[in-house]
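The following pair of complexes shares a single chain, chain A, combined with chain B in the former and chain C in the latter.
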Partner chain A sequence: EDISSSSNGPKAEPMLLDHDPDDLFAEATEEVSLDSPERQMILSDGPSPAITPVTINPRADVFDRSPDQDEDEEENRDTFDIQISVSDPEKVGDGMNAYMAYKVTTKTSLSIFSRDEVCVKRRFSDFLGLHSKLASKYMHIGYIVPPAPEKSIVGQRLGRRSSAVTELDPDAKACLCCRYLLRTVKQPALLKDPDVLQFLESSELPRAVSTQALSGAGILRMVNKAADAVNKMTIKMNESDAWFEEKQQQFENLDVQLRKLHASVESLVFHRKELSVNTASFAKSAAMLGNSEDHTALSRALSQLAEVEEKIDQLHQDQACADFYLISELLGDYVRLITAVKGVFDQRMKTWAKCQDAQVMLQRKREAEAKLQHANKPDKLQQAKDEIREWEGKVQQGERDFEQISKNIRREVGRFEKDRVKDFRVVIIKYLESLVHTQQQLIKYWEAFLPEAKAIA
Partner chain B sequence: MEVSSAEAALSVSASSIRITDVTQDGDVLTFALTSQKLDSSAGVCVFRIYEDFDWLQQSLFSQENLPGLQGIIFPPLPSKALPSQSNTQTKALKQLGFLALGQDWQSYCKALEFYLQQVAAHPTLCKCKALDSFLFNSESPGKQRGRKGIFNRLSQAVEEMRKESHKDVDNFFQNERNKNTNLAALSKVATEKLLDVVMTEQKLALACGHFSTSLHLCVNQDDASAVAFSKVCLKLSDVIEAVKRNLEKVASNNLSTLGLGLDLESRYQEAEKEMLFRRTCKLIELETVKKGTEKAKANKREVLEAFQKAVEKEFNLISSVAKQEIERFHSSHVNVLKNFLIGWCEVQLNTAKEFAELYSQHLEACRNMYSE
Partner chain C sequence: VQFGAFQHSCSNKIYLLLVRSVSVDLNNDASLVIDIPDALCERDKVKFTVHTKTTLSSFQKPEFSVPRQHEEFIWLHDTIVETEEYAGLIIPPAPPKPDFEGPREKMHKLGEGESSMTKEEYAKMKQELEAEYLAVFKKTVQVHEVFLQRFSSHPIFRKDRNFQIFLEYDQDLSVRRKNAKEMFGGFFKNMVKSADEVLISGVKEVDEFFEQEKTFLLDYSSKIKDATAKAEKMTRSHKNVADDYNHISGALNSTAADNNTAFKKHLEKYAEVFEKLRKLEDRVASDQELKLTELLRYYTRDIQAAKDLLYRRARALADNENSNKALDKARLKGKDIAQAEENQKQCLQKFDKLSESGKKELTSFKARRVVAFRKNLIEMTELEIKHAKVRRLKCCVYHYMFTRQCSGSHGKPGNLREF
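On to the complex of A and B.
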């Protein structure tokens, strides 16, 4: 796949994950059961794949991803094999109706797919549409649905109060969409979901409706509004389980920290790009100086200096890519994930509230029945008894729902926390690899330049 | 600057001149200066302030009975540094460029050191008594405000510009003037561009510092998974901290070698420019006198012709000195740049090796830790 270059923003690698060393699927190191009734929830995949051809490590065994020992109890020994890539952003249509279409390629040996390899074209709003469907189906039972990709990054520059909205370039968007799909298919329940299968396989997809409302930011706002509404409803939840309270607090803190970190890294990326520009500018001025110099050897050395600086500029650009795609995007993804996590906690509170409401209703019905006992209205009494049974059923259902969602959340959070550590570790290693590579290149350049400098007679 | 033993007229060994220390008291910088006389093995240490350097420069300018003095390319003295707090960094940068950066005025001291070495290595200037007093008198010689030199800095007045482009009578000099104008402009630009690079490297290092600190604050001991995550954050923090130190080192290397070199080159081109301008002014004076002589009435003519001969003699002396100076300058400037380029390359190579090693160690450690 070609690397489509963009004029601004880091160059993105096409999202073919064969050579992503952290791609679980390529290696089949993680064993996941598709059929387990326990519904193994595996959250968040590895971080962004390779950043540039230079730092890519095509060996899949760059570090050991041995299966966790304490995976959930029932495991079938199925190998989970699926690779997804999102590439080739292409402008479709003209004028007002123009949009960007992406090629989504799925390679898999799983039987739920009709073919080994499928290639479809999707536009950005399709991704948003998929997310909204999944969110509406699964969030309320406690599954952390991966957040939708966002068109723009809302970032906060250090020291500034207002947030700057930067539109992502097509390659970065492709990267984002790919990570989104990977996280989604990692959850067996979501993978089996007909909407997901349709998204990956069918050549035609019905247009997602009112995508403005469905945009990631939109969902975020909705979730936040829901959260606020829940809080304002003064649900004084009798938290019988301290675990939930602690976790919620932890996620609040984590949210704040991650946002700060994200802003910090954005500043880093910005200055790195600035350095690249200045280095290129200096290289040019050195070249001009070399051209004007009469002394042959000195002129030659100055020209070589200019070349070295140009190469260093390229290294800066590559490093900026690494900064962005490895660290910045990782943090961005996690900021968005935390929102989804918080959403799920709020769903639990809603479920509890519903359960409470049912109990209140049941109480009322019982009181009503008690009153009717003394009046002489047999058919009303029967109705009251019926209603009591109905509401007893609802209360039981509500309690089951609440137990289920609590259980799901506990497991989800456990996975999330494990994956979080894994993801960050992978990023650190990749980042260090890019740093080592850069230094080794620099050594080469300086060693080549030294004899030139010494040759000046 | 290479000092050959053939220059036995020197009383001081140019390469022995060192500025060993600088202290700051309010607005005043005091420099500790050591040097060695050629015929002795003992070093002499004196203390000087900027005004003393300025006095030396003015003394060199105003030497009398030195034929063709105006044809000399005078080693450029850096501008006065104003270290007071009210002076913002932007002002300092504008005034001194690279010399304003770096720790404890290191670059500035180095530049002053070069200046003295170049004066001491100059075949004519080294004989100036003022240099001896400057280097060896325990008393600061700058107390006496000397006569103002016969030279002014090239001003930007329109008249000056017109003079500067005055056509030369000698091809050699016309060529040299053209080349020098070009090189002076280009080396100034290159110096400024490198300065931008160094400033950005420092800003980037700062940003890394912030990020590293923020990561450090993510430590949380609540439960097992929080501890694991904290460890990862701390590790990343360490890595970013290393990146920060890397950038600081690279910036400081750029500053102390290539930056200093380009700054010196740029100021030296300006010094040559000033010399060529003085000669051009003399040329204009000569041509003006010639015209006057031609137009003069018979009774005045003899006087004017004598005067014209004197000016012509002066001009020719200046030109011949200038020619020598130019040749000397060409070969020495190549040497100077060569040394700076070698120094720059070596120091950056060492830094790259150092950090390649450090990052590799981190990588190895992480791989081992995370495969458990």
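On to the complex of A and C.
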């Protein structure tokens, strides 16, 4: 693939990006230009501006909602500037009533907020409560409401282990809640919602009534009910709009693909952790071998090899963290988001069904009125005429609702598709940064070891 | 320096490999230079080309090659082990049988799944299969080559008649092989079983040098076995990570295939990133295996060979003591004294010879071990550094590419060409 001539991309690019089908030993023979410009840009001795800090801090929000660099933004995003972080999980109370409280910090210059910076304490069920309110307000008119954070995850391993339900640790939960809030405020309509504002700003929040009903599973049940309603529809919707048919199919496929992808990434996290354990184990063994070795210089080198491997073990652990917090969590979020998207399509069908039902009812009322015309029952006739008017109104409303939800969904899907490109890219960029950092450390460790190996005499 | 060329024809599944390796420590005597420049794999059988260059007059030609199979290497090993006069030498350990089980399984899967895969998937899996075969090849050629070079670099072994036959005889050695196998099978088993027992339970050791060596070898032997096992696990984990990258790349491509929005191109690019990561991880894993794990495996075997020498000497010591006792008994009884004296003299001679040559062998063994560890540790470290630098560079390039996109609009085909 050609680099367009207008770019001042480095000359090393085409060679590196080429597929090397015949050259199995490409790495052994390629002239790697280690001084190429893009390397200089990103790497320096100290922390570089392009690269975020070394360790992946699970508490920091991954999606930095600082001023958007997009050229074609929607108008209500021109002044979009809000940063949210969820941190400091703290145990509150004891015994049966104990719970985890999280600090939610919002920094913003938007006018709808009363202060520039506000800090509140929220517990997990508060997040679920917020979601349930938003879902009940917006889902049925076609807004993709970001799914509630899950307390635990059901792991889908690649057939190696059975699905295990693992309770997330507080840091991971904080991260999850943070991403949830960021997705929510990214939605222009939701950002203005009084419940959202209250959640972010007010120091006291009325406790969410029943967490069971509000849990992710509860919402899922609600979504499934809509799906069931769709399946039970006697008259299958005549999809006049090819766009919806196509999109629905795409989201079905995407659901399957993302789940598979997620499972592969979870496998990567698992194996990376295993690699870390095995590296540590080898380090100990190499140290023992070094102790046993009677040649002094070799003995020392082996001990130093053991130390290097121990450091590398730590690197693997950090990398596993990045694998998880960046990619695995992103995919998990999107799997859940797709469910919300599919839910919205189902809501549209439900709306259509309602409209259909209203039309059927209207027809019946008209037929009833026609019959009454000949029956000479003036008061009943009047009632019938009233009912017809009522149902005409309902039909009109139904058609308006259907149009509105269709319009909303189109817009929402467009926004979703645009956001996902950005979300994935942000994550991949951060992931690449984590990899670059790991490699830098590896180089440092091995370069320090090389003279030791050479010193064996 | 290693380079290779790879050819195959999938229909009759023949793979040809050219590998040239330079073993610094074992091939520096130009009077007899041995290498295995290529090997052929046909189904189960591996045919190594053993190439000899020599200035010694005991050989018929100054340069020649013969094809040899693994079993013929084993024949050579067993013959040497059986030769009584080499009891005081460390016998180079036999190379392990070439193990193509992994790639063979994969080839089977490839054949079965051919109909259900896309052309790209098939091509990719075939490429991976070739890489795996290549890795196994490299390993087995290296270990067979080193085996021969141990003989050629040893002042006594290089003159061995059977060794010369192995190098020169251009027919199949199978005729000799049958008899040898029957003869050596039982002997070998007994030796291995009781070797450690004798050493540990121990005849009283008179020589400080051998006492120290015994202690050292017994301890080192268990440590290096453990280190080998742990290194193997570590390498396997690397391979698992590479596999996962592979699956991720494939899944990203599948997702891209179903997509017709701007997302598609991005997904394909990400798939490419993970594919590159996979290749590099694979390289790291196989280099680590070749330099570290294989080194440890080899020396585990070599330590065993050194222990076997100690065992033989310990047995000779025991025989010596017994012959002394028998002589005393004969003198007491006044019967068969001459015979007992002769026996005692021979046992002592044997023991002295084993001790003298054993000492030399064990000393040069240590030197050899140190040189090999040094060479492999240096090479492994240099490769790790190189791979890390390449990986860093590639990640930087992709990072640069993706961050440049930030300032452009999404979804417009024109911009995507910048990829």
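Side notes on the structure shown:
Everything that follows uses one rule, which is that the second predicted complex is superposed on the first by the 360 of 457 C-alpha atoms of A that agree within 3 Å, B and C clash if a C-alpha of one lies under 4 Å from a C-alpha of the other, contacts with A are read in each partner's own complex, and residues count from 1 in each chain.
Keep this in mind: a contact is a pair of C-beta atoms (placed from the backbone, for glycine too) under 8 Å apart; a residue touches a chain by one contact, two chains touch by 3 or more.
All values reported here derive from a predicted model rather than from experimental measurement.
For chain A, the partner touching the most residues, choosing from chain B and chain C, is C.
Legend: residue contacts after superposition of the two complexes on their common chain; A:Ile443 is shown touching both chain B and chain C.
By the document's definition of touching, both partners, chain B and chain C, reach A:Ser285.
Look at A:Glu293: by the touch rule set out above, it reaches both chain B and chain C.
Legend: residue contacts after superposition of the two complexes on their common chain; A:Leu435 is shown touching both chain B and chain C.
When the two structures are aligned on the shared chain, A:Gln250 is found in touch with chain B and with chain C. When both complexes are overlaid on chain A, the residue A:Leu261 reaches chain B and chain C alike. In the superposed pair of complexes, A:Lys192 makes contact with neither chain B nor chain C. Residue overlap on chain A between the chain B contacts of one complex and the chain C contacts of the other covers 158, 250, 253, 257, 260-261, 264-265, 267-268, 271-272, 274-275, 278-279, 281-282, 284-286, 288-289, 292-295, 297-298, 301, 305, 417-418, 420-421, 424-425, 428-429, 432-433, 435-436, 439-440, 442-443, 446-447, 449-450, 453-454, 456. Looking at the complex, you find that chain A touches chain B at residues 63-64, 66, 158, 246, 250, 253, 257, 260-261, 264-265, 267-268, 270-272, 274-275, 278-279, 281-282, 284-286, 288-289, 292-295, 297-298, 301, 305, 414, 417-418, 420-421, 424-425, 427-429, 431-433, 435-436, 439-440, 442-443, 446-447, 449-450, 453-454, 456-457. Per the touch definition, chain B reaches chain A in the complex via residues 179, 182-183, 186-187, 189-190, 193-194, 196-197, 200-201, 203-204, 207-208, 210-211, 214-215, 217-218, 220, 222, 225-226, 228-229, 232-233, 235-236, 239, 243, 330, 334, 337-338, 341-342, 344-346, 348-349, 352-353, 355-356, 359-360, 362-363, 366-367, 370-371. Looking at the complex, you find that chain C touches chain A at residues 2-4, 6, 127, 130-131, 134, 216, 219-220, 223-224, 226-227, 229-231, 233-234, 236-238, 240-241, 243-245, 247-248, 251-252, 254-255, 258-263, 266-267, 270, 272-273, 277, 280, 283, 366, 369-370, 373-374, 377-378, 381-382, 384-411, 417-419.
On the side of chain A, the complex with chain C involves touching residues 1-4, 7, 9-10, 12-13, 16-17, 21, 24-25, 27-30, 32-34, 36, 38-39, 41-43, 50, 69-72, 158, 250, 253-254, 257-258, 260-261, 264-265, 267-268, 271-272, 274-275, 278-279, 281-282, 284-286, 288-289, 291-295, 297-298, 301-302, 305, 417-418, 420-422, 424-425, 428-429, 432-433, 435-436, 439-440, 442-443, 446-447, 449-450, 453-454, 456.
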